[in-house]
Amino acid sequence: MLEELKKEVYEANMLLPKYKLITFTWGNVSAIDRKTGLIVIKPSGVDYEKMGPEDMVVVNLEGNVVEGKYKPSSDTPTHVKLYNEFSEIGGVVHTHSRWATIFAQAGKCIKSYGTTQADYFYNEIPCTRDMTPKEIKGQYEYNTGEVIVETFKNANPIHVPAVLVKNHGPFTWGKDAVEAVHNAVVLEEVAMMAWNTEVLANHNIETMPKELIEKHFMRKHGPNAYYGQ
Amino acid sequence: MLEELKKEVYEANMLLPKYKLITFTWGNVSAIDRKTGLIVIKPSGVDYEKMGPEDMVVVNLEGNVVEGKYKPSSDTPTHVKLYNEFSEIGGVVHTHSRWATIFAQAGKCIKSYGTTQADYFYNEIPCTRDMTPKEIKGQYEYNTGEVIVETFKNANPIHVPAVLVKNHGPFTWGKDAVEAVHNAVVLEEVAMMAWNTEVLANHNIETMPKELIEKHFMRKHGPNAYYGQ
Amino acid sequence: MLEELKKEVYEANMLLPKYKLITFTWGNVSAIDRKTGLIVIKPSGVDYEKMGPEDMVVVNLEGNVVEGKYKPSSDTPTHVKLYNEFSEIGGVVHTHSRWATIFAQAGKCIKSYGTTQADYFYNEIPCTRDMTPKEIKGQYEYNTGEVIVETFKNANPIHVPAVLVKNHGPFTWGKDAVEAVHNAVVLEEVAMMAWNTEVLANHNIETMPKELIEKHFMRKHGPNAYYGQ
Amino acid sequence: MLEELKKEVYEANMLLPKYKLITFTWGNVSAIDRKTGLIVIKPSGVDYEKMGPEDMVVVNLEGNVVEGKYKPSSDTPTHVKLYNEFSEIGGVVHTHSRWATIFAQAGKCIKSYGTTQADYFYNEIPCTRDMTPKEIKGQYEYNTGEVIVETFKNANPIHVPAVLVKNHGPFTWGKDAVEAVHNAVVLEEVAMMAWNTEVLANHNIETMPKELIEKHFMRKHGPNAYYGQ
C-alpha cells in the first residue's frame, strides 16, 4: 500500500542525517496522500542505518495505524494534527536541529534580518506559547499540534512553512516530504545567521525593510515569480 | 580474560574520535564486569590508530592491575571510584569534549532549557566544587572521583548520567560502555545548545517548566515509557 | 562560443560547494571576455550536480542574452553593472556565505583587525546603504549594482575586492572567476574572525595600526611585492 | 643535503591542512638540525597539493639560503630569530588558525581556564605588544621575531610553547616539527574553549587555581611525570 509514498518518505528521512539536521534518531518525516487521507511516517526508534522503505508506517487522519510492522513515531499525533488543519501541506518534518532548537529553547521567534529568510518566509518564524501543565500531562503530542495551529490562527502556514515549539524544537512543512526537508535546511541556516546577527549587534537590531521582504518572497513565490539564483 | 568486554571497551573507545569527542588521545572509556568485579579500561597514551582490543587493561575494584601489557589510563582511579559508588552503572567515559569542557571551565552547571536535555537528564547537569590544594596535591585522580560522588550525594546518578569536573571536563556513564558514549554525545549536544541559548538570551533566561522535564524524562525512562522518535 | 571561458566559469561555480560557501544553489559566478565584451554566467536555478560547462549562459554588457538554453541567473543585472563600472575586474561571485551575510544582515562593515584581512583588503570591507522602496520595487537587481558602485565612489574596487549588500549578502570580484572565488573564501574567513574578535572584546575594540595594513597589503600587492607564505 | 629533515618538515607542513589549521597556503613549518645549525623550511607560496620534500629550502642561522630551488617562506626571518634565541627548540610553526588568530586580533592573551591548557602550557599564552611604525616599516619579519623574544624575556619558551603576535596570528614550537604542529593543534583547541568560556561567563571569570595548573603540567612534563590519558 502506498509503496511510492513510502519510498519518498523513507528517502526524505535519510536526508536528515545527510544535511546534519539530526543526532542519532532525533527526527522524523511524514507525507500524506490527500486522495486517500493516509499518512506515511517513520517508525519509532529504528536506526537510520537499518531502516528501509518497507518499515514506514501508514496511519489515517484520526491517527490510527492502518499498516506497519513497527509503531509509528511518537510524534505522530502532532503530524496528524498539522495535516488535518493545514489543508495545503503534503509533508511534515520534525527535528532537534541545533540553531532552530536554540531559538525554541530561548522562546524567541526568528526575526527577518535578511533576504535568505525572505526568499522562503514571508514573516518572522514564530515560537509557540508555553504549554499548560494540563496540556503537558494530557495528550501531550496532540496538544503540541494544537499550540502550533493556535500560533498560526492569523497566519498562512504556506507563507511561513516552519514553527518553533517552545523548549522543544522545530517543525517544518511543504507541498511534499522533500520540500519539508528543504525548508528544515533553510530554517537551520537562517536561524544560525539570525543568532549571529543579534549577537554581533549586541542584541540591539531592527528587522529588514518590509519592501525587501515583499520583493524577495514575491519574486520567488508570487504570481509573477521570476527568481532563480 | 574478559575478551568479549575488551572488544566492547575497545569499540566504545573508537567511537570517541568517530563522534568528534576527542582531540588526539584526550579521552578514555571503561566498562565493568559486575560478576567478577573486574574493570576493563583503555591503556595509557596509546594512539587510537594503533590500539586493538588486546591492548585493553584489566583492573580490580581496588584499582590494581590484574592483566595488561600497558599501564591503564591515568584516570583509572576516577573510573574505579565511580564503579565502587554508583552500583548501577556498567560503563564510564571521560573526554575533554569542547562544549561540556567550556561549561566545566566556567564552573557552571548545564541547566535544563529544552526537551533534548530532558529526554536524557532528569535535572541540570552539575559541576563539581573546586578541589582543595590538599586534594590536588594528594591522590588527585582518586579525589576527582570523590568530589564527583559528593556532588551526587542527594541525586541519582542514573537520572543524571553526567557530571562536569570543574576546570577539567566531563565524565558520563551508562548501563554499559556504549550507553556511556551515547550519553557523552548527548551531553556535548545539549551543552552546545545551552551555551547558545544563554548567549542568545543575553544571559537572562529561565529554565524550562518542571512538568515538561517530567513528561519527557518519564515518557522515555519511566515505568510506562512509550517514547521513540 | 567562448568555450574556454564557459569551462572556467563552470569550474569556478563548482568551487562554491567545495569551499562550503553555498547552501543548495544560493550562489553564482560569472566572468567577462573583455575583448568581445561578453559575459559568461551560471544559469538560473540549475542543480550543481546536474550542471555542465555547456549550460553556462552568455550575455552582453547591456545584460541581453546572446546564447544559452537556460535563463541566466536572476542576479545577472548586478553582475553586468559591476563589469560596466569596474573596468579592471574579470570575474564576479555572489553567495549567501554565512559570516559575510551575518555582517550584511547587521548592516556593519568588516573592520580591519588583523593581517589576514590586510593581506587582501587595503581597507575595511564596506556594507551598502539601505535601498529605497523605489529602488526595491523597480529594477531591483540592477539597482543592487548601483548601490554597490555608489559605495565605491571614493574607493578602488581592486584594493577592496568585496562588498556586503545590506540585509542580503556578499559580492566579491577579481581579475578572473577563480580569483573572485578565492576572494570569497578569504572574505568568509576574515568575517568569521572579525565577528569573534568583536564579541571577545565585548564590542569594544579598535582596528589594527594603519602601518601594519600598509605593510601587509603592499608586501603582497605593491610594486615591490615580495610576499609568499 | 638533510634529506631526512626535509621529509620531516614536508610531512609536518602537510599536517596543517589535515588538522584544518590553514586556509590556502597560510602557514609554514620549519625544523633545525642543531649539529650543523641549518634550518629546513617550507618554500614561499607553493601549493600544498604540488609540494614535495625536495621543494623544502635550507637556510642558515643568519637567514641566508644554503640550498633550494624556491625562495624560503617570507616568514623565514621570524623562524630564524626564534631558533637563535630559544636554544632548546627544534621546530617552529606559523599559521593563521582561526581561534588563536581571534585572540591575537583582540590583543588578548589566552588565560588558563582548564586542565586541557595546563597539560601543555604552564602559564597563560601571551600576546605580543604592538610593533612600532619603525619596526613595521623596517625589517618587519625579523622584528616580529624580536617582539616574540621580548615577550618571553622573563618566561621559559619550553613551558609555554606558543605565542600570539598581535593583530597577526600564532607561532608555536616544540622539540621537533611534529611536536610544534601538535602544539599548534592544542593551541587552537584551548583558544576555542577559552573564547567560549569567557563569553559564557559574560566576560567575568577567574583563571583556574594555581595548584591545578601545577599538578597537570608537572604530572605530564615534570621530573616524575606519570600521565597518559
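Chains here go by letter, A, B, C and D, matching the order in which they are written, and residues are numbered from 1 within each.
Criterion: a residue touches a chain if its C-beta (ideal position, glycine included) is under 8 Å from a C-beta of that chain, and two chains touch if they have at least 3 such contacts.
If you want to know which protein each chain is, UniProt gives these names: A, B, C, D = L-ribulose-5-phosphate 4-epimerase.
Treat the numbers as computed from the prediction; the structure is a model and nothing was measured.
**Q** Can you name the chain that lies farthest from subunit B, using the mean of each chain's Cα atoms as its centre?
**A** With centres defined by C-alpha atoms, farthest from subunit B sits C.
**Q** Regarding the subunit A and subunit B pair, does the interface count as same (over half of residue numbers shared) or different (under half shared)?
**A** different
**Q** Write the angle of the rotation needed to overlay subunit A on subunit C, where the fit uses Cα atoms and the result is rounded to the nearest 5°.
**A** 90
**Q** What is the distance, in whole Å, between the centres of subunit B and subunit D, each centre taken as the mean of its C-alpha atoms?
**A** Once rounded, the distance between the two centres reads 33 Å.
**Q** Centroid of subunit B to centroid of subunit C, CA atoms only: how many Å?
**A** Spacing between the chain centres: roughly 46 Å.
**Q** Using the touch definition from the top, which residues of subunit A touch two or more other chains?
**A** Subunit A, residues with two or more chain partners: 199.
**Q** Chains as vertices, touching pairs as edges: which of line, ring, star, complete or other describes this one?
**A** ring
**Q** Kindly provide every pair of chains that touch.
**A** A-B, A-C, B-D, C-D
**Q** List the residues on subunit D that touch subunit B in their complex, please.
**A** 113-116, 182, 185-186, 189, 192-194, 196-197, 199-202, 205, 208-209, 211-212, 214-215, 219, 226-229
**Q** If we count contacts the way the header does, which residues on subunit A are in touch with subunit B in the complex?
**A** Residue positions touching the partner: 23-28, 44-45, 71, 73-75, 96, 98-99, 101-106, 108, 130-131, 133, 136-137, 140, 167-169, 195, 198-199, 203.
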